[in-house]
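All chains are identified by letter, namely A, B, C and D, in their written order; residue positions are counted from 1 within each chain.
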């Protein structure tokens, strides 16, 4: 990558996650010698941007790496001639997340930021904004890579693949976290662990888990109740018969499908007591920003781990360093399907292992066919995602209704309609394409 | 079809439906000159067989057509050298149906004979018996056509396509009934109405509804709340926005998916009051068999219409007459998919329009792609059906659990497991492959 | 088809074939009550148009059917509000055909009107003209059906499917002729004979040949050396081992592939003696037009049979009558592939059995997979056809070179280049897109 | 790979190539610490085995690496518990190769060891022997990797994938050689050059040729007349228009398709003068074995380069070392297609880039669709290969005839039959399945 001064723009730079990312950029500076780091936010996020930006500058200074940190509300300035544009936005901020969680609960349906009706609402708000950012990249930095961390990552990545016209990879920290946990369980170095990662974002399974050519699936199964769980999802016991029949380890988000009733009970209980996850996060963020204000702080605070984005910066920096260095290693990313999962549309986004080189991410063919029950679930959720993207892009009520009616976690078409009406009503100012 | 004396065997011949079929065979005798009609049943059905058989003989005699009616408990004798074998069995009889309906209701899930967990239980019981019948046909009448009316027809047909080794077409009266209703609505002869029938058994949509090259979809939409409803499904108002967005008319069974909550409420209410559909049918059947006993009765009694199988004999006789006469007309049947619905496995059964000739049913390519939300629903339900067939054939608990967990009308994986355990327990004597 | 006065336009109406077509329109007038018949030609064809048109009028008058025959050089007038537009044009007329035959022979390659480099040259000339006609139809008769008889029919039909934007079916007389011959061989009525027709235009095989459910393939094989031959292809003995291995009867054009050397020897011999087929046809046409001049002649002259288009009018009239009457019978036509031949692109044209109704031609799924050697030949020739269409549409030399290099009957890439240069040079005035 | 003592068996160990392989095993011993090297040959090859084996031992001794070299005629002993089995056999030895070259020339068709009718004959002889070896591996070393270098590699690999039941990768030195040449042209290290390798063995194209993210295609095109040529194929000028239209660099074997006439002239000329390539190789081998006899020689002699297998040992050792070390790097190999080339059967062998790890070779999805003319040629040649495998496995004359008739380099079906009869007759003792 022949570039004068390596430039990265972070859209949503005022996020509480940003210190995590900055730490990664510092630690891997020898592999990825970034010079210009633009943190961008919108007017409503100015204060957070300034706090986070100041911390970022202190971190860079303490580490003595030659990164210049720029803070701006001017997205075009940040994107102009960038090499990488990282998107980590939250349209409507945390209050919208809380609504996404509470509306479905009102219908006895799961309310979650990325899965089910909550993720649907988030997607409707986010897709148009992300496509605007893609348009800026097309205009101002056509050779840049867009690296997307914004949830629901699978939908957002697919929207950009279909309508964005820019080079685009979607990232999630779930695969890298799973690799870490398994390495720890198996007591080996992370680099020695490998698996096939099958599925789409937040709906995937690890299989062929191995160290060298030794199958360690039995070991993992025996320890699996703690495997692959993430901060915002309660750990429940997997049904061992189901897992052995699947021949795989489900990601933690599959609890929403495989243990729907229990998860719903937990969510409702939590909503009544400490609040929904979004409400909890609001409190955590408040604490984090108080910490960030401390002018002595020049490193990522320990408390950020509670926020839920473990390994986020590792995933991001490994990806961009491999593109930068044409490294041709294997990473787990969200990319265009092609024929890797031949039972999904070619232009769908999927989350699988891929070779990363200077020209992007090239998914690797799976070794074995995908079992029927994984296939069926992936197909129906992907169809829901396609409908959601079309609904968001066109502002089409009928397609939105079809999307929500089809979602396996929405229990009925009638419920879908009522829920949709509430979602539209409560997000009216954030959904201009529906209320033009 | 060069055959000395046209022979038809009806497995499950003691069914209360049989007079309907016999009436059709009499009425179309000029097109399909059947000579030997074998009605077969099992020991438990002997009394019903004798009543129905006596009525059939009176009907034939009155009509003065040269059909010889044979009653037998010896299935092999009936199948030997038959030209057509019609299967209309009910393994476990109506008491099993009532259990299929009541078990899911206990979990607040829809309980229905063919759709959801009820159809799942029925499939587990029926698939092995149907494959036994197919084995008899292979041995004793390898050139015979197996015409299957046994529910869940889609699953049964697919099981025979995959494991039966005989020529096999699955039939349902839903398409022919829809055609009748639309013709009546439009005020034209049935032969002038045409549509594309898209989907799988009991999960399908009519589109491109037309008379000649005139699109009559708007007319049908305007009248649709009564369209395509069948005896055992309550009529509820379709959501017109959903239907216009789909661009199609859903079959009545889609109410279970599009209006799940209301349907569940209705079913529970009905179960508390007049009883489940199976319980109602038990009473209807009792009345019918009382009528059948009347030695003066020599025609199909009017009351049979309440039983729910309207147009059943028309569908059957049109199909076998077209095969017999190499007629090459278009009918709606359940056949091997191939690539007609390219998003389903090639060896799946689908329900679509097909050309019927002496070599069987040849499905016709659809004119337009199938919309995303139809596709997603078909894919997930078909995956459930594949798993159910494999579970039934192998007696595999894990696959049965995967099947039920995947079904969109089973609300959670945990519920699936509990429901599965009840289904297995309550059907123990009828599921030898699970309790070997 | 609700139309005030049924109108048909024949583009290339001055063709010597036209009396054949007119005879068919007269004979089937009860099924297809055409009122306005427009015969269109270009200035260079004015004389032929007048001769043919006068004969057509005498035929109509003698038959006393209410068809008005219009002669015009104004294509738009003819197309305006037409119900059917039949295209039977020859861009560059017979002298161009003779060049198409002689150029390849100069390179020791087969020179034939539709197959090989000759068909390639004809396609380059014809595709843009056909797309102009399609444009007129779009503008002036958007509901009209375009029925194409212009060779190479497969390429022309595919070009219109891809770029024409009109309802379009391609026709060839080969399938109907084969059906006739087999019926004659088997001594049964044509309606009783059926087969699966597999392939693309002029590259297809008949299999599953049957009368009712009786396989008559052995009978046909035993008589096959005369089967399916057409006027302009010499009859050579098929290799019986090859045919049994294929399990099918090849169409006569497959002699160019299966007996290339002999066919080439024959063509070269013929070119040296009586002249190429185009030169022979020039003489036949001269004789025909002399006959047509006879004001006493009021029917299709016997001598037209030598011209080579047997059953042409039967094929055309059966097709348009079935569309007109929503007849839903099965005919063999050139249509969009979809997934009927799943190893060819979905947007390719193929020639197979299809149900014909008021909304067009709906291909029927094949019963058995296509054997490997048929598949391989179809794939390479279809790829050549796709390249030819793209080359013709864009006037792209590189694509034209790729097309000709790929064609199995062009023996080398070097030869392809030299031949291409001669073709372009000798057709310069007829290839404006290449010489813009 | 947990193995006590790393064991490699080389079937066809008496080949003149073996010193090349041994040199590689010595040079990379730190990456792949082989301990037991079994060189196996048949009775007729005993003398060559002894000469080559003695040289191998001197090489190992001189290099002071702890490899034990075993010479044996007992294939089972060599395969027993091997970790890798390398196959480099030549059934019928060089005299059969010369016949493969001379028979087609007698029909004015290209006669070449792997391409066209020559490769066809070689495949018929070799497939059954390779499947015997696979059977030994199944029985005696079921976890071993079979690494196949035997030509025609694509066909042999596919036969093993379909019928061998062992872990199997096919190798060719063409891709690694191309990478070397391009690196040299571009003046950069080999590791910096990358490209997409598209196709099947000996019928492939390099595209997306790059250094980092810099496209160096224009540079390569400007130098391409020498690119990718191999010892046994004369260098002829590529047509630059064709190549630019393809957007790729063809491998040297594509000269047989793109310059058929010139290649045939060259071959015939060569056959008349210095002899066919097989005859030349016979002389080279004689010289090599004279050199090998020299007890002072303890390294690969310079003259081996004339033999034609440049980079053979590099390709082999890189592959087995990556499997051994679970290295997850990208190499170009022959593997099962799956859906990488979606227009070829899933069970076809293809030659593409793949990630190599301890569980084998995992092909990487292509970035861009394959252009139409590449696709068409690949499809027809792959169909020929499938037919050839079936013919070889079953000893089926009809399929053999279909295969040869379909091959683009066999000019006619009639020629195919005559050539097939000569091939069978002249290989009678080597084709037991055809003469059982």
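Definition applied: contacts are C-beta pairs under 8 Å (C-beta built on N, C-alpha and C of every residue); 3 or more make two chains touch, one makes a residue touch a chain.
The structure displayed is predicted, hence computed values, not measured ones.
Here the chain-to-chain distance from chain B to chain D, counted in touching steps, is 2. The chains that touch both chain A and chain D are none; no such chain exists. Put simply, the C-alpha centre of chain A and that of chain B have 45 angstrom between them. Work out the mean CA point of chain A and of chain C, and you get 56 Å between them. Residues 1-2, 192, 194, 208, 210, 212-214, 326, 328-330, 338-340, 342, 355, 357-360, 362-367 of chain D touch chain A in their complex.
Residues of chain A that touch chain B in their complex: 239, 241-242, 244-246, 257-262, 343, 371-373, 375-377, 379-380, 382-384, 386-387, 390, 396-399, 401-403, 405-406, 408, 411-415, 417.
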